[in-house]
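Each of the next two complexes has chain A plus one more chain, namely chain B in the first and chain C in the second.
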Partner chain A sequence: MRIPILKLHDCLLISIQWELDDQTALQFQEDLLRKIHETSARGVVIDLTSIDFIDSFIAKVLGDVISMSKLMGAKVVITGIQPAVAITLIELGIRLEDVLTALDLEKGLEKLRRELED
Partner chain B sequence: MDSCVKITNEWDIVAARQLGRNVAKDLGFGTVDQARITTAISELARNIYLYAGQGQVCIEKTENAGKVGLIILSEDQGPGIQDLRKAMEDGFSTSGGLGAGLPGVKRLVDEFAIDSTPGEGTLIKAIKWLR
Partner chain C sequence: MRKLIFNYVQTHKSEILGEWINRMKQEADERAVQTMSAQMFTKTSSEFIELLVSNFTETEEEFQSKVTGFAEKIVRLGWPLTVITLGLRIFDHIITDGMQEEELVDHHNFMEFSSEFERWMFPLYNTIIDAYAYTWERTVSLQKIALQELSAPLIPVFEKISVMPLVGTIDTERAKLIMENLLDGVVKHRAEVVLIDITGVPVVDTMVAHHIIQAADAVRLVGAKCMIVGIRPEIAQTIVTLGINLDQVLTTSTLKKGIEKALEMTERKIIEVEEEQ
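Moving on, here comes the complex of A and B:
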């Protein structure tokens, strides 16, 4: 299954709605970079509201795709990280540092807008 | 309600953590502990897949002095861990950082025991108690 990537003006919106297996996560990485290239998107919001756990593999794929997007000139904001996900990620020892985050999609889009204006 | 998942490929990692989450939910664990249990199982199953190639993860219910807990047993006949003390240090990895490592898993659970013999395999027992 592929994760849909929506275009909104110069931004891309992704809402991850189901548990990510390795292949889906890696496919998403490729799909997002291709879409950034095709659409010349400057910003990306990845919403994780429906995700109830993140292991080290998914965290690595997410962290990597954020760095890769940055290389292509697009800023990424992660939104909707659930309390249980934040707690387990830190306990596990994973720090997604230098990653832009916001509480929800709305605040994420506002944050992205401000980042792109700077 | 003992149940095991054989780990031989990436999809088995998903099956193992789904089993663990279902059992955790049935036992009455809250969402944060469900996430801890699911994540711990995912890391242990991934270690089997990465280092041993195959093995199994079993989820069991346990009771002790009126307390209910969930046991995660991770077992493989892989190469074993050469230096256990090093493997339990934060940041130590022989996979190039693909997994969070055993110290991370240990922090997610209440009890953690590991037995590993080089050339024979690794057995890990982790317990999360219902609060």
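Moving on, here comes the complex of A and C:
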């Protein structure tokens, strides 16, 4: 099952609603990059509110997607990381440095808007 | 044999009680006896002897529940365990001596008597010690819970700003708790800035710093900013001497400055209100 990527003005909106398996994650990576290319989006918001658990592979893919999107000129904001997920990420040593984060989708969009204006 | 002992105890109950109280007063630790009034002592003592006697008459379960109830009562009264075990020993001696005096026990049946008596007393020891141990364990676990509750509270001071004051040494277990409370609190209070106040942390070594950095990172991941406040001069010295890199975390010396900075970050400030004329 593919993860839907929605376009909102010059942003892309992704809400991940279920636990990702490796295949879906890689598929998502490809889809997102192609979409950024097609729409020449300037910002991407990935919402993880419904994710309670994350493994090291998914975390790595996520980190990669963020760096790749950055290379393609899109700013990425991750929103709604749950406490348990944050602890797992830190324990796995995945610090997602210089990634923008926000509490929820609303704040994430605000943050992205501000970043894009600068 | 059992009947013999029972009859003896039943008929000599008041003498045994008197003797027991006397000997307890002599032998028990002065402090233990003095902490309670004479009346209370006599009352509890007679209850104790009554209980020992009832060991013969009642069924196992009834006796068990009685002993447990009594033990809980003594624990509340603050009788030390040593006083109780001493009491049991003295009771043992009184019965043995008394029965020998009346020649109910002699050389021939002493073995039988002693094993029967032992079988009777042993569960009693067990139950009372169990009751004591249970009370202690409960106290310890309650204190542990209380300590945990005290260990890492997150206080929402302003909208979007929360403070977690830390007091005392931080070990790995506590660091984990701090991290969990911090993250859950951030999400719950929808905080944008969290201040960790380490004024009360006596020593910041590499491990503590590592935990703090991890917590700060995790807070960043859930979408808030983390600030370490209350860095005392000696802590600043240790941090630099140990070569700990706190560059990625905002730091200030006092909570006051931290709050000001946090307000600034959330685009607010505190102003003085002019007095109305």
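Simple rule for what comes next: the second predicted complex is superposed on the first by the 118 of 118 C-alpha atoms of A that agree within 3 Å, B and C clash if a C-alpha of one lies under 4 Å from a C-alpha of the other, contacts with A are read in each partner's own complex, and residues count from 1 in each chain.
Everything below uses one rule, namely that a contact is a pair of C-beta atoms (placed from the backbone, for glycine too) under 8 Å apart; a residue touches a chain by one contact, two chains touch by 3 or more.
Predicted model only: the values in this text are computed from it and were never measured.
S.K.: Is the arrangement of chain B and chain C around the shared chain A a clash or a fit after superposition?
M.R.: Here the two partners, once superposed via chain A, fit next to each other without clashing.
S.K.: Take the Cα centre of chain A as the vertex and report the angle out to the centres of chain B and chain C, nearest 10 degrees.
M.R.: Once the two structures are overlaid, it is 50 degrees.
S.K.: Have a look at where A:Trp18 lands relative to chain B and chain C in the superposition and call it first, second, both or neither.
M.R.: neither
S.K.: For A:Ile81, decide between first (touching chain B), second (touching chain C), both and neither.
M.R.: The answer is second: A:Ile81 touches chain C but not chain B.
S.K.: Report for A:Ala102: first if it touches chain B alone, second if chain C alone, otherwise both or neither.
M.R.: In the superposition, A:Ala102 touches chain C alone.
S.K.: Can you report the least C-alpha distance between chain B and chain C in the superposed arrangement, rounded to whole Å?
M.R.: 8
S.K.: Let me check the overlay on chain A: which residues of chain A are in contact with chain B and also with chain C?
M.R.: Dual-contact residues (chain A): 82-83, 85, 87.
S.K.: Going by the contact rule at the top, pick out the chain A residues touching chain B in the complex.
M.R.: Per the touch definition, chain A meets chain B at residues 19, 21-23, 52-57, 59-60, 82-85, 87-88, 91-94.
S.K.: Name, in rising order, each residue of chain C that touches chain A in their complex.
M.R.: Going by the criterion above, the answer is residues 179-180, 183-184, 186-187, 190, 192, 214, 217-224, 248.
S.K.: What residues of chain B sit close enough to touch chain A in their complex?
M.R.: By the definition above, chain B touches chain A via 10-11, 13-14, 17-18, 21, 31-32, 34-36, 38-39, 42-43, 46, 90, 97-101, 103-105, 107-108.
S.K.: Under the touch definition given earlier, write down the residues of chain A that touch chain C in their complex.
M.R.: 78-83, 85-87, 89-90, 95-97, 101-104, 107-108
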